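Right, one structure below, let's go through it.
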Amino acid sequence: MLKTVIVGASGYTGAELTKMVHLHPELELSGLYVSENSADALTPISDLHGTLKGLVDLPLQPLKDVAAVAKGADIVLLATAHEVSHNIAPTFLAEGCKVFDLSGAFRVQSDSFYTHYYGFAHQYGEWLEKAVYGLAEWNDAAIAQADLVAVPGCYPTASQLALKPLVDAGLLDLNQWPVINAVSGVSGAGRKASMINSFCEVSLHAYGVFTHRHQPEIAAHLGCDVIFTPHLGNFKRGILATITAKLADGVSVEQITEALTTAYADKPFVRPLGAGQSAKLQSVQNTGFCDIGWAVKGQHIILTSAIDNLLKGAASQAMQCVNIRFGFPVLTAIV
Amino acid sequence: MLKTVIVGASGYTGAELTKMVHLHPELELSGLYVSENSADALTPISDLHGTLKGLVDLPLQPLKDVAAVAKGADIVLLATAHEVSHNIAPTFLAEGCKVFDLSGAFRVQSDSFYTHYYGFAHQYGEWLEKAVYGLAEWNDAAIAQADLVAVPGCYPTASQLALKPLVDAGLLDLNQWPVINAVSGVSGAGRKASMINSFCEVSLHAYGVFTHRHQPEIAAHLGCDVIFTPHLGNFKRGILATITAKLADGVSVEQITEALTTAYADKPFVRPLGAGQSAKLQSVQNTGFCDIGWAVKGQHIILTSAIDNLLKGAASQAMQCVNIRFGFPVLTAIV
Amino acid sequence: MLKTVIVGASGYTGAELTKMVHLHPELELSGLYVSENSADALTPISDLHGTLKGLVDLPLQPLKDVAAVAKGADIVLLATAHEVSHNIAPTFLAEGCKVFDLSGAFRVQSDSFYTHYYGFAHQYGEWLEKAVYGLAEWNDAAIAQADLVAVPGCYPTASQLALKPLVDAGLLDLNQWPVINAVSGVSGAGRKASMINSFCEVSLHAYGVFTHRHQPEIAAHLGCDVIFTPHLGNFKRGILATITAKLADGVSVEQITEALTTAYADKPFVRPLGAGQSAKLQSVQNTGFCDIGWAVKGQHIILTSAIDNLLKGAASQAMQCVNIRFGFPVLTAIV
Amino acid sequence: MLKTVIVGASGYTGAELTKMVHLHPELELSGLYVSENSADALTPISDLHGTLKGLVDLPLQPLKDVAAVAKGADIVLLATAHEVSHNIAPTFLAEGCKVFDLSGAFRVQSDSFYTHYYGFAHQYGEWLEKAVYGLAEWNDAAIAQADLVAVPGCYPTASQLALKPLVDAGLLDLNQWPVINAVSGVSGAGRKASMINSFCEVSLHAYGVFTHRHQPEIAAHLGCDVIFTPHLGNFKRGILATITAKLADGVSVEQITEALTTAYADKPFVRPLGAGQSAKLQSVQNTGFCDIGWAVKGQHIILTSAIDNLLKGAASQAMQCVNIRFGFPVLTAIV
């Protein structure tokens, strides 16, 4: 049994991680942590997330001595704020823990990215370089060897899983930037009180237009420019990305279908639905799946990609990475 | 044109009042106020409530000198916190304004009620005594003469409109306390950031069980004990109250129907739907109506009563009181 | 591996059963059936329920020769219409299958109940007598021996789990009938096109007032009269029941707490939350749990009870009964 | 008072029209009609749309003798199916009625459009030519003279109001087709029972990808190609369109802002929100407004446009056209 610690366990992603670690036959949930000054410290996690009651009633511990916690852990799951992950991951790594970071702190190998989009200067260039981007279906060989896995953002996961097979195969005319419109459930904003997330204020709208930090993350890992517009939707969980792109000359729908089905032939968590099909949020909510649909007309393609933002967009993708890293069957604790 | 001031205009009820005053042909919207230290001060109201853009773009003024504001006003609508209403209403009244208070500050003529349920000691017993309870369909004669109208709470409005005709006619066996179960939209909790109102945390649940301040308000004005259980529902606006009571010996459904239809025969905002009918939230949302349905079996009756909590449960009922007070047609600015 | 057949697999409960049987290590999903003339016949179940794609893609078979299907099955789960269950269960039983019926066809041992509430005359009095009511936490000894388990209705499950410990212990004054107000998600009405379930028509309202068939089911198994008012809520799944009752003379909140916690001490799927707590829909949605809260004031008690209508109110309770019947660990395939 | 008849009054748009005609001081509601064989015939409209109870309780009449109805009417509002509008509009016109058709039957001057997208051959080329496209802010001069107004579709209204000022001013590089992603509330699909609109089946998804009939409507009236992807959202009413386009060389955000604010300077129902602002569904739901936001980066622009699909996307735009046609103040019966 691998001793597993979750830091930032009080949030929605933390709760999902907690449940999966609890159910995982090879992992032992050895500690749930929150920041030292959190109002949730010492509260049983099931008081915050009633769904866990009777399953996991452990109290949330204030994280004081990182090194001491690290010494007792084999696996660390960081569901922490970006800068917190940045600050504490090296300590866990120094003690030999395998670290799976769900924040943005180690996703893009560029210093200016962090100052511009995250508001802090990155201090750990070495770890940034060693970090493996945890897009599980694409980087499994590297993940299997990694000490530090940077689990992708929710929007980048939905976007890349649809686009990557086409970009890699040269099927798109990238002179015209792909347009990614995506709608996220409110849980994507985290578990906190704010006017923006207030029930009566939520209705569909775009935000972060031209400025969202997931645009450079997508572009960096896809290797091409994209236009990305996130939206807040009036639902709790899930992301639907609708992607419009121009095809390279002479590309047929059959080539598209071939590229997508081949890419995911042995990847159970990505379900290519077929040409003429459209991904539906409901089919993936509360699951670790990504559904992808597509249609072609003339020189254009429209793809739809749906995931659960808290699972395939965060917690279950982290668990996929854990399973890959340690050689456990890929569905373990997820399906 | 009567000069009309709204205090507490930043909230959901304030926005509804603002729109109605704007549309009212006999009223002039002469000022929108928020508390002196409000973060919303000097912001145009339409920046907070986008639906008002182009209709009313006045800035929210910090309320500093109450007496000065009072001197320029004929009508004052208080959509303020209970204790704030309590503190400022007398100043407006002293200057001769007619005051319509949507808070609980003048609803129940009992000192202990305020210390127990509202957490402050009432200082204005004289005004408490003079205040007229603004249940518009029942107190219109008194409202027409009032200087201070205490507009009822949302739950009490839905509950009393259904029960009052039956209680007054002696059709119920009150030894068995009527059971009122009511579900409110989240807007009932006001416009503010809180975990309870956070989009991802909202799902149907009871709250304030046996302790909600609307129970004594209902009991006081109905003249009988009731058991009242409020619930938070996963919708923005509206209240549905389901009321179970025991009939007095020998009472028939025809007597019930007669009592309800007679009571509201010339009251356009209350719509008795008939025996065997059930009030539906959607029919009253965004309207000033109250729908009432009922069914009888053996010695029991079940009533359903639906209103929009922000309108008939607050703003439109206040406007009904204004219309009654000044002799304007009852539908003005509401339908 | 026990060969397991699901009849009525196209509906929401059928889909939940399908997933659980698929995940159950001791069961083999040997057939999914729909009625002979169903438009869904021959369609893969995952085309109707996208969430199952890649997990279970079996086609729905038209059920023609019941006896032939029965010969190949050890366990039969009936998620069929009431009269269909009534008609086909005896054939499965005659072939030695263990039958778990999720319809109302074998729940109440009274002939007039079926003619009055279900519109058909019951033809199988012997099986009606042998059927065990599958309220899993209360009838496990009988379930362990049963050939035919009548899985309770969704509202009766939520209602009885809260009331039964108190009624059995004599803690309530039943001269005053307990008042059960319950709100169900729309999935309770089944998977079908209708105006009532149409997205734009759904808003909170009571239905079946004094006439719903779950009232006599509750009364029969609880052994006392109750007033039961169901409501349709604007959410997909879940039931919240709010129950108001009169206490027997001198009963204290401590006695209530003792009765509820003792009753469910070793029953992991029922979670007594404690006095002063209130059950919340979100904590049980997509789970097999029932949460129960309660509060006492003077001679009255208010209980709240929450379940997922498709799981603890149907599919997972059926699976609990399967686990009990065959001696599998109680959490298997549910948590 | 102009005698006004509504055909197709049973639907959601019909109900909105009914309310507006009822409130309009210059119009007299002289008849509500449904198709001859409608199950709703002879039912009071307020039984279908509870919100109208007490306001308009007229029964829905089966439309048998179109010419006879036409003789008694000054204004006819057609909220009918496309082919029905096509069939009956000429009879009303022949009797001298002014006809406002909310269907697609007279929107695009192309025969093949009707056979391809609507499935019928257009028989009234003369009327198709005379029909004025009722995009109220843009065609008011022609509307003021029209006998037949073809009120635009909901998606085309939201899309064109944002794009038209920019296209007309030559600010876009149209070699790259503008990408319009739009999400509509479920009411856009009409008032009917269907699996697609069933409450439990609704979740965000794209539909009609590359095939929706509103794409050619937009392209025809805008005069340029566009890529249009409609989505069904999990809300009752409203449309949000997010539009991504390439700017012509050297175009600045100031030019965009200038074009949009100038275009709508004296058009109260379109509210340009300013650069950097984003349209929000909630601000326009239940109103006749269209909100438009925009942002520019490099050579790209993203616009967001929000309307209420039943109002600015249908009924209130029709009423705007009535007001324009007869010289009534533009806000009449809408605000």
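Order as written gives the chain letters A, B, C and D; numbering starts at 1 within each chain.
Keep this in mind: contacts are C-beta pairs under 8 Å (C-beta built on N, C-alpha and C of every residue); 3 or more make two chains touch, one makes a residue touch a chain.
Quantities reported herein were computed from a predicted structural model and do not represent experimental measurements.
Distance between Cα centroids is largest for the pairing of chain D with C.
Here A-D and A-C were compared by C-beta pairs in contact; the pair with more is A-D.
Here the CA centre of chain A is 40 Å from the CA centre of chain D.
Look at where the CA atoms of chain C average out and do the same for chain D: the two points lie 46 Å apart.
Distance from the chain A centre to the chain C centre is 36 Å, each centre being the mean of its Cα atoms.
Across the assembly, chain B contributes 201, 234, 280, 282, 285 as residues in contact with two or more other chains.
In the complex of the two chains, the chain B residues touching chain A come out as 12, 185-187, 191-195, 197-202, 234, 236-237. Chain contact summary for the complex, chain C toward chain A: residues 23, 49-51, 53-55, 268, 271, 273, 280, 282-287, 289, 291, 335.
Across the interface of their complex, chain D is touched by residues 176-177, 179, 181, 183, 201, 203-207, 209-210, 227, 229, 231, 233-235, 238, 240, 242, 244, 278-282, 285, 293, 295-297, 300, 302, 304, 306 of chain A.
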